[in-house]
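So, here's a batch of structures to check.
Both complexes below contain chain A, partnered by chain B and then by chain C.
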Partner chain A sequence: MAITAASRTRRPLTLDSIVRSALVGLFVVLMVVFILGPLLWLGVRAFAGNWTFPNLLPDDWTLRWWQVVVNDGALGIAVQNSLFFAPLTVLVSAIICLPAAYAFARFDFPGRRFFLISLFATNAFPKMGLFVTLAALFYALNLMNTVLGILVVHVLGTVVFMTWIPAAAFAAVPRNLEEAARDAGASKLRVFASVTLPMALPGIIVAAVMSFLASFDEAQGTYLVGAPAFMTMPTQMYSLVLNYPTQVAAVFSILLAIPSVALMLAAHKHILGGQLAEGFQIK
Partner chain B sequence: MTIHEPLTKPPVSPTKPGTPASGGGLTIRGLHKILGGRTIIDNLDLSVKEGELVSLLGPSGCGKTTTLRMIAGFLEPDSGSIEVEGQEVSHLGAENRPSAMVFQNYALWPHMTVAKNVGFPLKLRKMSKAEIKDRVEAVLELVSLLHHKDSKPARISGGEQQRVALARALVQEPKLLLLDEPLSNLDAKLRVKVREDIRKIQQELGITTVIVTHDQEEAMSMSDRIAVMNAGRIEQYSTPEALYARPETEFVATFIGSMNRLEGSLKDGLITAGPDVLGIRPEDVILADAPFAGAVPATVERVVPRGHFQEVYVRRADALLRSFVNGEPMRPGLRTYAGIRKAMTFRDGRLVGEAGAAL
Partner chain C sequence: MTTTLHKPAELQQTVPPAGVTRPKRLGQRAVGFFMALPPILLIAIFVGFPIVLAFGFSIGLTGGLNHTIATIGQNVHEADAWWGTLAAYQEMFTNKRFLGDLLVTVIVTLVSTATVIFLALGIGLYLKLKGGRMARLLSGLAIVPLFIPVVIASWAILTFYSGTGFLRSVFALFGVDFPVWAFTMVTVIIGSVWTSLPFAVLMVSSGLQSVPNAMIEAARDAGAGSLRTIVSVIVPMAAVPIIIATTFTAIGIVGSFTVPYFTGPNSPNMLGVDMSNYFSAFNQPQQSAVMAFTVFLIASGIAALYVWANFRSAKEQGKA
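Up next, the complex of A and B:
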């Protein structure tokens, strides 16, 4: 890259530019090692039989660990639970948070800033502390080991995304686009449905994806409130890690990553292609 | 300024519900608006005849947009009445007014195609798909943009976006067309073309139109009448010609065209010290190389070429005057004779006489 750029502009290779491209190269290598390294290791690990320490590759390959996971009956239920809670969380969170996001973006009410900042409080404290307090409350309310209890925990973890990102998206819709719709004869509701919402949609989709992933990965609170009645994929992983060799955990992490990666790719394609990118002005 | 207000203005009058309808066009009475603790629009009256194009012209911050937004229904006046075709509209929301607005930055919806943008107002009126299609194509034809009907607004040029915005307003067949600086984002050449287009379409359709601008040339070239605004009130409301030839206030005289502003009065062609203000249009400063009646010897100080004419600064014994001359290029240092053909006299900002003669 650095060389083609240099030759395109016909700039001589000065010491300065060599140092710069060396630094860029180093940075890229570090990024690859830190981001892809663990994933690569995970991938190899999932198929590894014996692996003696200094060797770069395992001594032998096997599908045994995949069999263990697939044959474990609890897994299917965990997958089902995860695929049940994540979309439901996104839905409930959207119903609760999107109107709030719109209000934060469009109206100035007393305490607006206070509420906005305090949303961070749920993420600012150590999660475990929050969950333990919550658990005490849930015992009193008979919410332990219930769908509602888990849902509350999951929704709590998404409130920040579902409010802040859509609020920014709503605020970014130019007022005069809404006024133009009013002028054309649209009622306030129609203006929202035809102009404000479609224009804020990229932000809302990003928030939904992040909330989905947050719910999908939520383990601590789910374990505390739901186990053992409701095991999701991440909580199931705890017991797998404790009961099986590490290779099984590697297999399970790969399985756990599949929906996330698929969702990210879909969102990425959707957001970086066409209209949504125009809305965000990223391309 | 306020002391010398003309007595013809009616006091702030709350409109009675039984006010007789004033026929077609737009009638504004006693419009008043306070924003952020300041009086932005101060007891403004304006009437626009049916089919007339009127410009609101004034310096930045004088309240043009605020006035237009009150007419369109985006801003509620503190008091005053707004009638469109004899119907009081000030209690209606923007969506229920018979006016359509073209916004300064066009305000096209980026997620809709050109045809969808233009068709949206019709869709709201529950028209059939076929009829929407026909009307949209007809109006896009009118603004010569039919070939772009399936483009997204981001893909077309500024001038084209401007015409889409115009089409979106026209398709509503409004009784009143409002435009807020519709040409300010276009380059100079396109501006001239588009303003001619707008004027032509407006005259063809006979739509009552109010257009906001701070460009005097634009206002002069397209309006039937111009309302010159200053600090929330209308200084003068007349035809472009009258505005230039007979400005009623010093503000209007300075704002429209250019003017030599001198303190004193004109006696026998000479400027003598005095409390009044003299306004002399550069084209009324006549230069000649031989003496003539009322002329005084003068020296050319500075020459600014302006294309088809020159702006010449001449020093006379009594004043430095600016003149517009055609013909032979002049050089600084040239000795000449300069006479004043016409001068306006302003006292306390208001026109009191012309060429020394009382009005």
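Up next, the complex of A and C:
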């Protein structure tokens, strides 16, 4: 039975529609378990004392594991390292990429298409393979286990976000608005600062958030290039899972997820509003 | 490089493309070129150049910048001809462990990508055709993994499906012994789907939303059923975003490391994990490079699809 505009407004309660609603309901329940289940299961663990299988809740509750994490020096350093690299990565990436994003959106220059495709190449090559190839160069340049080496790895992971998403945002600024401002006597810089930039800002914010998180979550490259001299929060997770009680890793996970969730919630309107999807359709 | 450039589709829809309203000035083109140069240089130095270097290393060219890694690494095959040697490739492609890993990687990529796109299409179509609170709830749910770092997600998924995990607990309460999925390829697939879902859903549903409602109404007025409308009107019109979502998902999964590292078995596991093992634990960087180029080869096949889809859409929009 086809869903028509009429049947959407007033649907008779038939067996068909009941079965259909039940199937949709079942699918939603499965999706809730699939998506949220692991996160809740992990979250509960951070406050759990003993937990007997197969009970669905722990036997007793404790905040002891939070104290373990707060008092552990290595974990503290990992937090510091992460909070050092992520903002620095966003800043460096913005300086390198934003002018290029503007150029891609506004200028027609030789090699434009070739440039766009080479940017895509960083994403087309699987990360672990890239890091393995990068390591040979890093050995030769003495960049292994250095701040600069890790920074390079982190910035590489943000180039696509910082170029494509702002480029789509700059391109979406109506040119006649800029021209109207020019006609009213505003200088080029003035037009950029008070017309183009504010209108493209949501796209730039999404790019910055995605870049921050890309750096904050980057584990494989940092591990290969930086471990054990520089451990960030995600690379610390690798050893945490092996060497600490699961509850400690659960607490650490919650701490690691806080910045991501906070930033995503702050920018979710723009991300869901299509800024992200728009950026990935380069032409 | 090329003079017949396609302008961004967004540009053409909203504003006249560069160079139409104003005469093309040489100065402006040069400014654009130099503004776009820094990220390209960064990639050329730290992606392009290392790839060339590593390819040389993989075929046994151990001089120059490859000297350090060739000295550190063990079991390095050195070139016996001017162009190098295929010994490392020969070694790996007769290595049972590598071939098993390759097969596992391909299977996980195919199954996970198919599942992700199927789910994304289902959610996107439900959102487009039905709408309402249930649809928004579903798409909201599918975006949640975007908020969670992959390291945490992998570990959460591992504990959820482990021997003392939620699924086994629930089934044990009913007296059923549910299989342990942790450290098997099942959790690797589950984890890959979990982490890849948000991007695919965002991409696919944004593509589906941009299909004009008038087209769907017209198809229905002409007597097409729901399925017919979806298969021959809606999906073809959103083909490009769907292909982009598919390629990005597949490329992400084929080279994934964290999910299989946390949730997968020791062996066979995906190439991303084994690549890292060969590089760090076994100290055989050349073998690791061979694996990297195998994955690159698979990925570039997928990437070609993406580039083709983008060119096609640019061409279509150019005609319109």
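The working rule: the second predicted complex is superposed on the first by the 237 of 283 C-alpha atoms of A that agree within 3 Å, B and C clash if a C-alpha of one lies under 4 Å from a C-alpha of the other, contacts with A are read in each partner's own complex, and residues count from 1 in each chain.
The definition used in the following text is that a contact is a pair of C-beta atoms (placed from the backbone, for glycine too) under 8 Å apart; a residue touches a chain by one contact, two chains touch by 3 or more.
Note that this is a predicted model, so its numbers are computed, not measured.
Applying the stated clash criterion after superposition on chain A shows that chain B and chain C can sit side by side.
In the superposed model, A:V195 makes contact with chain B only, not with chain C. After overlaying the two complexes on the shared chain, residue contacts for A:N176 are found with chain B and with chain C alike.
Contacts of A:A184 after superposition: chain B is touched, whereas chain C is not reached. In the superposition on chain A, contact is made by A:P99 with chain C only, not with chain B. Using the contact criterion defined above for the overlaid structures, shared-chain residue A:P245 touches neither chain B nor chain C, since it reaches no partner. When both complexes are overlaid on chain A, the residue A:P228 reaches neither chain B nor chain C. Once the two complexes are laid over each other on the shared chain, residue contacts for A:G76 go to neither chain B nor chain C. Taking chain A as the reference, the larger set of touched residues comes from C, when chain B and chain C are compared.
Closest CA pair between chain B and chain C after superposition: 5 Å apart. Put simply, chain A uses residues 174, 176, 179, 278 to touch chain B in one complex and chain C in the other.
Residues 1-3, 5-11, 14-19, 21, 24, 28-33, 35-40, 42-44, 46-51, 53-54, 57, 65-69, 72, 122, 126, 129-130, 134, 137-138, 141-153, 155-157, 159-160, 163-166, 168-170, 172-173, 190, 194, 197, 199, 202-203, 206-207, 217, 220, 225-226, 240-241, 244, 248, 251, 254-258, 261-262, 271-272, 275-276, 279-280, 285, 288-289, 291-293, 295-296, 299-300, 302-303, 306-307, 310, 313-314, 317 of chain C touch chain A in their complex. Contact residues of chain B toward chain A in the complex are 72-74, 93-96, 99-101, 103, 105, 107-111, 120-121, 124-125, 152, 154, 168, 172. Listing the residues of chain A that touch chain B in their complex gives 174, 176-177, 179-187, 190, 194-195, 198-199, 275, 278-279.
Of all the residues in chain A, the ones that touch chain C in their complex are 2-5, 8, 24, 27-28, 31-32, 34-39, 41-42, 45, 51, 53-56, 96-97, 99-100, 102-115, 117-130, 132-137, 139-140, 152, 155-156, 159, 162-163, 167-168, 171-172, 174-176, 179, 213, 216-217, 219-220, 224, 234, 237-238, 241, 246, 249, 253, 256-257, 260-261, 264-265, 268, 271-272, 274, 276-278, 280-283.
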